[in-house]
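Look at the two complexes coming up: chain A is in both, with chain B in one and chain C in the other.
This part shows the complex of A and B:
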């Protein structure tokens, strides 16, 4: 009994020694910021002005009547609800193709995955060039007799062009997640379906899609969280322009905080964005749970 | 019947080939531009290959830009963060998986809950904290927030939980202290999980943009992605030079991916998560 007691003290000491440094970093750069941001949001906190008066909910009333906030909210919503479904379906479709008996599977996997491991700045610069007036996209379109526009400087197309880039970069990543799920579906299910005369298309919708539902849940949650915070591509490609056509919530937070130094206001916008992300995740969990039907 | 199957296969390969070229084509194209001798790449109709090839753009990068400084900054930050991530993810993962101590569930719950915190929400407070400590635009300011990553800790915890108890008991009978047990018994058999953590950390640090773009103010503190993004907003963008830079930045992550692909896929399958 005494040895047990001694051992348990030893374990506690060891555990807290092992966790000391991770806990320190976690507290400083995660726990403290999460609590602190709610406080900053109640102050008129400007980086350049020493006085930081308490203003209650004024930052929130300001954003509720700020046109640019609503533009950012609208752009972010279009972005997320456009990218997530297409990206998820494309990832599943790629995984389905890759799961067939094919040659060169390893090489194909590399091809689909490379955009996902490449710096977002790199892919943004490459696509800036592809989307330019004399760029690759317009060249390909001209081959079929369509005259394209300058995709990033045209306010009607800029946001959609960046959305397409995002789908391109992350679909390969989620393909790998789906592929792991597909490989765990018993082959006997497909055999039984084939015997019943189901074609590939029917097998895809009646077997594959329902069987990977838990993974789909994960993929949708993760890509929603990512899309709601899209920043790198906006920064590199369009700086939120032209005429705020690509100003997303996170880019708006960035400009408020680090261009205009209005940290209090930026904090309140961040909190609203976080609430939206939590609400979206909750709704998904509540109404589209990962477990099948 | 045979003919129908063949046609089916042909169609499958055509789709796959088409998709693969959409995913790879843009990279090949940027490589092609990076070897272009002409300054004027915006010409209609475009050429898929340069009329005149040159490797000069790759030489000019080092001469005309602070590329070496940015490379040094990126390398330093990535190396430090990768090493601390591997070590502390393993150490914390071991504590959560193998040790019983009061507060274990609470701390683990906190870590778990932090996964639901969108990265953007901690941005302003992190900046203020490091600003108070006079660490904005310094290496510590760039490095500190990325020293550990909760996702890696989970990966290691999950891995350590699969190791049979017998091994631990044997070590304990030998009179091993807990750190020696971790270091001499658990670490040597954890290479696949450690490799996955190493690859994720490397890739994450090397490609990180949001934090360095905020906390690196002067050109000499830029990382490679921040430097490239900065060049894109220069008055006159020199595209072949920019493309040569993007090709060079991509090489380390691409090489590591090609060499360690196996662990990439394994990591995703077990964690199902990416920062």
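This part shows the complex of A and C:
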């Protein structure tokens, strides 16, 4: 027993020694800033002014009457609830296809995954061209006799255009997760289903979909968080415009902090955003648990 | 056996950590030199600045300085550095940010330095540029250069349309834009526009100034619902609405310089930054420049950048030496000699021959009536203003209505 105890402390010490540096970085650059946000949310915090008065919940009351905050909330919600289901279904569907024995499977897998590992700034700029008035999309539409618009400067289409871009870039990424899940489904299930006379479509809905449920949970949680935090595409493509059509929560946080010099106010917006993400994840875990089917 | 190994690991970790901290520390405590920060916009500009700094070093070898350019997100970075008391002793500040920085009282007042430097003649600066960094007769920065909005026009297109000279007033601007808007391939849509404008306040303001309007009047009240302002906006937006002016995105270009270079429009409103771009990307284009067409009077917007010092600079005296060189006659002449940006001092413009230059003389002429567009409101006023402009352009909200709504929204951001 004594030797075990001694060993255990020694092991703990050794473990922490090895972990010390990463932990230090994590604490300094992640944990501390996250906790500090809660503090500055209660202050009128302007980086440039040494006096940073405590104002209690004033940032939050101001937030509740700021129409741009509600616009950002609305845009973010449309974005998340539009992108997540389509993206998840598309990723699952792609994975299902890529799991079949088809010619050029490896090349196709790479093709679908490349957008996910390409820098979002690069894909954003490419899509700016595709979406422009004389761009590729409008050319394709003109072939079928539809006259397109200027997708990014049209307030009615800008947000949906950026949503489509995001679906395209991240579907391939989540496809890989689903692929891993698909490969762990025992072949015997499909075999039994085939003996019972199930067709491919029935096999997909009755076996594949329920069996990858834990993966689906993982994908939905991750992509929901990602969508709520969408920033880079907005920053590069539309700067929140036109007419605030693409102002999302993250973009609003950025402009409040760095363009309007209001770090405290921005902190309070990010706390609200964090609460929303937390609530969405909690609801998912509570009502759509990954295990049960 | 195990213990010594563990001790060794611990020792090494502590050593590594310590050396990392020491290394970090040595970056911070190195304040012997005056630190100068600039943004990075082109290799030519970097070279010019470095040559100018080298000339300063030859004259003042006793003053140590280090040039620390900030490659991206300049404004954010400077804010963070100012907030953490690590700001450089000398840095660039754009005229449009000056009201905020002066209001927050974080810049060094420079009157005593300027007064103590007899050959630093203040009346040599163009007054409107100098005033952009002045608050209650205190100077917080001195402009290093400026760039006014002027008119660029495509000579070949003008010739083709039988137009001999650039438009000189609003009527001509509108008529000639109409003449120059053409459907060259016969598909029913124009593919050459008279003018490219932007749904942006910056480009609207010259028209407002020409019409005797103001965004913020001298009494501090907003002038955006005044007839003079609304009229200017109606004229500006009217060009777009009538289809004789367009925006860069509509014709698949990133910005108006690109649209102009690609021959998709006959005229643009732009500054000197277009010249090196056209030289490099579209050398074949034959263009002329002119001062902006006049309304009730001449007017344009000038973009200016100053050198400023933070209030708590530890090396203010040396920083001033460097600053007075860079914004003085000699340094400014070297920095602006290629005309990437125009000198903020009249004497330098004369010395560099810009008043006789076929292109630059129009910039210098504009300097006489150019204004720096500044508004003293909480910073959000600008994005609110841009949103209102976008409403007019992209949602067809009538200008008067959009401005009335903007005025009401800006109430909240009054100082």
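Here is the rule we go by: the second predicted complex is superposed on the first by the 281 of 293 C-alpha atoms of A that agree within 3 Å, B and C clash if a C-alpha of one lies under 4 Å from a C-alpha of the other, contacts with A are read in each partner's own complex, and residues count from 1 in each chain.
FYI, contacts are C-beta pairs under 8 Å (C-beta built on N, C-alpha and C of every residue); 3 or more make two chains touch, one makes a residue touch a chain.
A quick note: this is a predicted structure, and the numbers were derived from the prediction, not measured.
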Based on the superposed arrangement, let me know which partner A:222 touches: chain B (first), chain C (second), both, or neither?
-> first
Check whether A:142 is in contact with chain B, with chain C, with both or with neither, and answer first, second, both or neither.
-> first
Regarding the shared-chain residue A:100, is it in contact with chain B (first), chain C (second), both, or neither?
-> first
Check whether A:195 is in contact with chain B, with chain C, with both or with neither, and answer first, second, both or neither.
-> neither
Which partner, chain B or chain C, touches more chain A residues = B
Between chain B (first) and chain C (second), which, if any, makes contact with A:21: first, second, both or neither?
-> both
In the superposed arrangement, does A:259 touch chain B (first), chain C (second), both or neither?
-> second
Could you look at A:187 and tell me whether it touches chain B, chain C, both or neither (first, second, both, neither)?
-> neither
Once the structures are superposed on A, label A:48 by its partner contacts, choosing first (chain B), second (chain C), both or neither.
-> second
In the overlay, answer first, second, both or neither for which of chain B and chain C A:10 touches.
-> both
Both chain B and chain C contact which residues of chain A?
-> 10, 14, 17-18, 21, 47, 129, 132-135, 258
Within the complex, which stretch of chain A touches chain B?
-> 8, 10-12, 14-19, 21-23, 25-26, 28-34, 36-37, 40, 47, 94, 97, 100, 102, 106, 108-115, 117-130, 132-136, 139, 142, 168, 172-173, 176-177, 179-180, 215, 218, 222, 225, 228-229, 231-232, 235-236, 239, 249-250, 253-254, 257-258, 263, 266-267, 270-271, 273-274, 277-278, 281
Which positions of chain B touch chain A when the two form their complex?
-> 12-13, 15-16, 19-20, 22-24, 26-27, 29-30, 33, 41-46, 88, 91-92, 94-95, 99-102, 104, 107, 110-111, 114, 116-129, 131, 144-145, 147-148, 150, 153, 177-179, 182, 203, 206-207, 209-210, 213-214, 224-226, 228-229, 232-233, 239, 242-243, 246, 249-250, 253-254, 257-258, 261, 264-265, 268-269, 272-274
Using the touch rule from the top, collect the residues of chain C that touch chain A in their complex.
-> 2, 6, 9-10, 13, 16-17, 75-76, 79-80, 82-83, 100-101, 104-106, 199, 247, 249-252, 378-380, 382-383, 386-387, 390-391, 394-395
So, in the complex, the side of chain A touching chain C is made of residues 10, 13-14, 17-18, 20-21, 24, 46-49, 129, 132-135, 150, 152-155, 240-244, 255, 258-261
